[in-house]
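The structure under discussion appears below in the form of structure tokens.
Read from first to last, the chains carry the letters A, B, C and D; within each, the first residue is number 1.
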Amino acid sequence: MLDLVIKDAKVFTSSGYFEGDVGVKGGKIVKIGDVQEQADRTLDVQGKYVVPGLIDGHTHMEFPFMGEVTADDFYYGTSAAVGGGVTTIVDFVTPSKGQDLLSAYQKWRETADPKVVSDYGLHMIIREVNPTVMEQIPEVMGRGVMSFKLYMAYKGELMVNDGEILKLVREISSHGGVVGVHAENGEIINELVQEYVVEGKVDPIYHYYSRPDEMEIEAANRVASIASLVKGVTMYQVHTSTGEAVDVMSSYRSRGMSYFNETTPHYLTLTLEALKRPDGYKYVMSPPLRSDDQRTKLWQKLASGEIYTVGSDHCVYSVSQKRRHREEVPSFHEIPNGVPGTETILPLLFYFGVKKGKISMERFVEVTSTNPAKLFGLYPRKGVVQPGADADFAVIDPAKRVKITPDVLHSNIDYTIYDGIEVEGWNVMTIRRGEVVMEEGQITSPRGSGVYVPGKPVK
Amino acid sequence: MLDLVIKDAKVFTSSGYFEGDVGVKGGKIVKIGDVQEQADRTLDVQGKYVVPGLIDGHTHMEFPFMGEVTADDFYYGTSAAVGGGVTTIVDFVTPSKGQDLLSAYQKWRETADPKVVSDYGLHMIIREVNPTVMEQIPEVMGRGVMSFKLYMAYKGELMVNDGEILKLVREISSHGGVVGVHAENGEIINELVQEYVVEGKVDPIYHYYSRPDEMEIEAANRVASIASLVKGVTMYQVHTSTGEAVDVMSSYRSRGMSYFNETTPHYLTLTLEALKRPDGYKYVMSPPLRSDDQRTKLWQKLASGEIYTVGSDHCVYSVSQKRRHREEVPSFHEIPNGVPGTETILPLLFYFGVKKGKISMERFVEVTSTNPAKLFGLYPRKGVVQPGADADFAVIDPAKRVKITPDVLHSNIDYTIYDGIEVEGWNVMTIRRGEVVMEEGQITSPRGSGVYVPGKPVK
Amino acid sequence: MLDLVIKDAKVFTSSGYFEGDVGVKGGKIVKIGDVQEQADRTLDVQGKYVVPGLIDGHTHMEFPFMGEVTADDFYYGTSAAVGGGVTTIVDFVTPSKGQDLLSAYQKWRETADPKVVSDYGLHMIIREVNPTVMEQIPEVMGRGVMSFKLYMAYKGELMVNDGEILKLVREISSHGGVVGVHAENGEIINELVQEYVVEGKVDPIYHYYSRPDEMEIEAANRVASIASLVKGVTMYQVHTSTGEAVDVMSSYRSRGMSYFNETTPHYLTLTLEALKRPDGYKYVMSPPLRSDDQRTKLWQKLASGEIYTVGSDHCVYSVSQKRRHREEVPSFHEIPNGVPGTETILPLLFYFGVKKGKISMERFVEVTSTNPAKLFGLYPRKGVVQPGADADFAVIDPAKRVKITPDVLHSNIDYTIYDGIEVEGWNVMTIRRGEVVMEEGQITSPRGSGVYVPGKPVK
Amino acid sequence: MLDLVIKDAKVFTSSGYFEGDVGVKGGKIVKIGDVQEQADRTLDVQGKYVVPGLIDGHTHMEFPFMGEVTADDFYYGTSAAVGGGVTTIVDFVTPSKGQDLLSAYQKWRETADPKVVSDYGLHMIIREVNPTVMEQIPEVMGRGVMSFKLYMAYKGELMVNDGEILKLVREISSHGGVVGVHAENGEIINELVQEYVVEGKVDPIYHYYSRPDEMEIEAANRVASIASLVKGVTMYQVHTSTGEAVDVMSSYRSRGMSYFNETTPHYLTLTLEALKRPDGYKYVMSPPLRSDDQRTKLWQKLASGEIYTVGSDHCVYSVSQKRRHREEVPSFHEIPNGVPGTETILPLLFYFGVKKGKISMERFVEVTSTNPAKLFGLYPRKGVVQPGADADFAVIDPAKRVKITPDVLHSNIDYTIYDGIEVEGWNVMTIRRGEVVMEEGQITSPRGSGVYVPGKPVK
């Protein structure tokens, strides 16, 4: 007796697709193919596309930053996730200044565990280097945190310097961990911000001008160059926004380095023009939105395999927060950086990517599920449709047309940066470890039903 | 009642691995996971690795070239194939001068059908452009020949010129076909050969000197540049032997072109030093073996994903043929070009690649099976382990140590270019459409038991 | 007693400028600096710029091509030259099919000697490879023809194949000669021309479409790659029209090859838009005019030093010839390729280059005089202002504003492709071996007063 | 009546050579060519090569650094200079911490003026950014200091950060100044030094390991990228030691930026093997000596024109200083960085460059004299042989064979890093503003006879 059978599914995986049944027991996939056994629940998904539950490798829930805490707590944030077919998020533990890694990890667990609807994993941000931090790196890895994030920007806040990067790359790599980087030249950005502010150039578009393409490309080159001094690294540039930064990484990968990267749906679908809108402040995130030309390059590199994952960088602030609770729009440098995104990965990538012919369904599955699972040590528990894996699925109605508005989404904010965009293809059901957690827009699983999924060493 | 169950298999696919059972009926995979049903035959593969049957996308059986016919006919050749876990070959139909494509196709089918032990598909070589050829391109595609090969070398024999290449790329692409190219500058090679022969430099090593790296890289650049004039192409460079040629293709792929390539096990495991041996003539193939430096680059690019497939270029001549039936070794330019290879893809890639830590099992499966299946329109019938696919498998004993000698191989020749090399990991059983066709070195299926597998349009 | 003193001249050279007098005797510069001696003639050039007489390294006078003979014979052509401050042209000897090099050389000398007003040197075009040609290469070099031109385009006419190129590069280089190339892929162009003509796309703009940027870049890469097989070459790509082709050459030069190139004033000042004009047929030359973007790149590379010379590719056809003596404009592929240019090198480069701040006067002198002198073995007789050099000068009035029209030029045609363009800066006097040969627009020296200047081996 | 005539000189310039006389009056060249006038002194230089006096754009005389003051004061240092045909040095004013630019300039003038035998110009090092520094930039330019040097290395000492670099590039460029950079990643070097010291790896060779090629290339890329944010810059990388760093600059120059660079004779003639010698400590300078492969690349790029100047980075410490006055060799990171060089530019470049066929005499003159004169605003007073220029010359005996030893040199130290190297070609006379200041090894002009040559704005 099975718990669940998905009948006559058209299943897409990172290596193709097949038609058949999927049998689930104890939250796991146990049978694939022609499944005759009885089950507690049988789902008929005729005409739908079944894909492995998405893994959003980049979220910031309940994240204190720039004087605000992000508006999506782990309940709202993971509700948005499962709304969009994301069955696992990987959130960034962000220690406060001076806090040690283990207690930050502990705090994140305690905050998330009672609230999460999706499953979740954790990355660790390292903002300062000291003996405690260095000692605790293997310890947090022992708790399933296999990937770290270093900032080359946000001077005075999160930024670490090049020497610290080298030290951290050495230490993390020696334990088989993944080194994520936010690659922008923070010194230059700091200087440009000051120059613009002094000149009274404070509209949101100056957020773009103060973070030029060149300074992402420069940082990508710098950190790759530094990492090349260490043997056996696994590097990972988050939220890559320029084609040339991707070229840098391709070139190192081509010479034998494990160098991966992520882009986000907003770089693939929006451009810097959004910052010129009256509500341009809503579109402030870092790195900033880029030119249409960069957008084209990113799609090409997503198709070519040079971009490894798509994560949302879900980092939500309410309108009031974005405006710092004032009437007038604040100076660009005071607007909290971040936009919503976890719930719209699926429809945006499916419609603008797959339907528009830019990427195949295989690439869709690969970048939204299989690759993040592998990179963050969640594979083969997550990211695949095969016996033994968690029964995590998104069920896409490929013909459903939806106009994106805040109403159809589950975040704890009343706007979306994709407002008014109409897509064809929508996630109509989300299955997490064999349980239907979202159906036709309704979250059907309680707070805290998600679990922490520790990562395993990749190498 | 199933025909076959493979119990407790450790199955490797292009996206990972799982442990479970595989149920087969009517030659197809019907169940994956926990399979309880009875079956005619149950295989216990405890401790073995099960992979999708290899697809060798590059063979020349019974191929008349340079005044000789290759020594492996379709029976010997496909026996070697299944000996090495290859369940499908894709052979090159080579029309004779003036012959039209359809009758060449017909001839190939008639020759192969009664003899093949593995399944097989076909590519079509185009050696001349005329109205009949152009008309028959869609017709042979209608018969399942989805990929073509153009030669930029072998002047006066197989070579077509740049204008013809453009014409053919246009026509083939308009029907969704794949354009394969042998990329070497035939004019220059022709000139260099003449120069060396005039100077009396006729040892096998001059085969290498007459086909410099630069002339492969040049040709790769030229044909990519020509293809860039046409929209919607799928290009494919066969037997790529230099890292820089791969770089050329990566750069075009990065800008949105579907540009694939193949390398061969011999470029990955041997070097030009072999041509200096007393029996160097056995190592004459084109492009020639390269430097150790190139070998390293090819491994890196195989790991990075820049190389898409590994095919054998199995093109076998007996020692007598290699020597043109003479006592003395003939001049390098008279030695028939070609080496054996289909049976040793698996052990060489597994040992020198996977065991030595250069590539993962996923990459192994991807380049030897999934990718060629996709590229040549055989997917999802071939190249995957999923419901509905043909039950084609190689069963690898990862611990078996074997010294490669002619005795352990099945080709119709009495030597191997890998003679004496000891590997760990060997194919111990081959299953083709649910039937065990090779077991412990014995071919267990009769001549003609293989079938022709027509390719389907990829786009 | 001197023949001539130029007093208080502001002299520009390839390494800078100085103010002083220049004393001339016997056609040579004999004194520079403070010259007190008497002279037959003293020129006051206050407020003018004195530069070494220009060397136009690329002209086709009385050139039979595409069924027409160019309209400028050596008298008209060199009158135009000296009109524009060009004191030496290097014309292309073009053997007719089957003609040997020496008799072609002889014919060119006999035609030119009685007519030239400027001095002149010769290049040799090689259009076919046979033993006579190969033997005569050193012989024509013995007569001062140090540079050769090979065509990779004009299939069936002038084009040689890659093997012939290698053979010629070897032979020419072994004698210290310079290998010039017209780098465009003639096979592809031939194919594209046929395609467009079949489709009835015959307007002049299809001349551009049939000769894509990519096919110049490809050919540049191919010939550089071929030349890299030979030691000690001096290569030279004539009339380079794309920035990427220049990049190819820079990259080879950076690794130690002597690789030079030329661009022309028309690529620096006009764009493909000209081909869309009603009289677009006048703008048909090969390679064709390119995009504005390419024009920008060429200026940058002229400034950076990556472009070595500027020659005119002066190849003049009357309106009637351009139209093939018909009412209607002929198909693009029947229009004789070529435009006027020798007389406008100076004003175009001075105004659009120096005055607009794109290049310095040093670069102006370098690319128009010093570099061609060195490349073609005319140095130190030509191309410099130093004792012992020929007293060749152009005297530029930097403030003179001129609207370019056929009236102000000396070619044997009644139009100019620069008609209506207004420039600031004009050549007001030309001095050739100490003799004023043009003054205020009047040619003051008789037919045949120019001499042949044999080139000397550069290495 | 002239002061000096150099008769029948074979004069080499950056654009070629000529034979003739040079007449000098009041320290200036007044006549070139056939000079008949009487002169106070007439030099017969039959069989010699006359070149413009070298300009060594990179010296550190009396420089306090790493706890030592360089052993060559301005008298010894400029004696060495004129000994080697260098008639002008450009020394680096190095303010002490907190010192303002003007007083540092003043101190340098006061120290140098009474001692110099050669002429000299000044660069200004900027080690910290504050309002006084920013204000004084145009003021020191008003005193003829046209070029600045920023350090990306020597953390805690001379290093400025990226934001400061941007600020300085903006300010200096707005006044037409030249921004020199010492491009090495100081953070990483700092980290590597600490790592090696902790591990007890303190031999001189670890100086090399702690400053990897990659960290120069990275820094070159970073600063070029930063400079690309500013319009109208003139950038200049001093003492470039890797081919790839040169490639970075070529690529920016190719796109329109004024990007220049310098290498030194030691990178062109020595390799890292020297650091492994028993007296390896003598060879410690930064960037460190590199591999033989890098040495080859630098020669190629010197020939291709991609390297703009050759300066010595003359920064001399006695053996006792190099050893920090101890018995045992100190840890690599305590050895004062710097080597002698100004006197050996000429023989090393002439012998290993010109005589060995790697560069032409034109390039020799260009990189040792004409280009530095132009870059540092000394042109046309210095760097050329033309009327009005200072009569500065080196007279080379091209056939003279000399074994380099401390005895034949004029520095205030008793060793040379070129000890025992035998060269062909030696400077036998140095003329500075028409005065013979060195003849057959003897300095013939008193202390303080040199003058300060203020630079002029280049743009």
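In this text, contacts are C-beta pairs under 8 Å (C-beta built on N, C-alpha and C of every residue); 3 or more make two chains touch, one makes a residue touch a chain.
If you're wondering where the values come from, they're calculated on a predicted model, not measured in any experiment.
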item: Most distant chain from chain D by Cα centroid; value: B
item: Length of the line joining the C-alpha centres of chain C and chain D, rounded to whole Å; value: 39
item: Separation of mean Cα positions, chain D and chain A [Å, integer]; value: 51
item: Cα-centroid distance, chain A relative to chain C, in whole angstrom; value: 58
item: Multi-chain contact sites of chain B, meaning residues that touch two or more partners; value: none
item: Arrangement of touching chains [line / ring / star / complete / other]; value: ring
item: Residues on chain C engaged by chain D in the complex (per definition of touch); value: 13-20, 23, 29-35, 246-247, 250, 253-256, 300-301, 303-306, 366, 370, 374, 379-380, 384, 386-389
item: Chain B residues within the chain C interface of the complex; value: 161-164, 166-167, 185, 187-188, 190-192, 212, 214-215, 217-218, 221-222, 225-226, 228-229
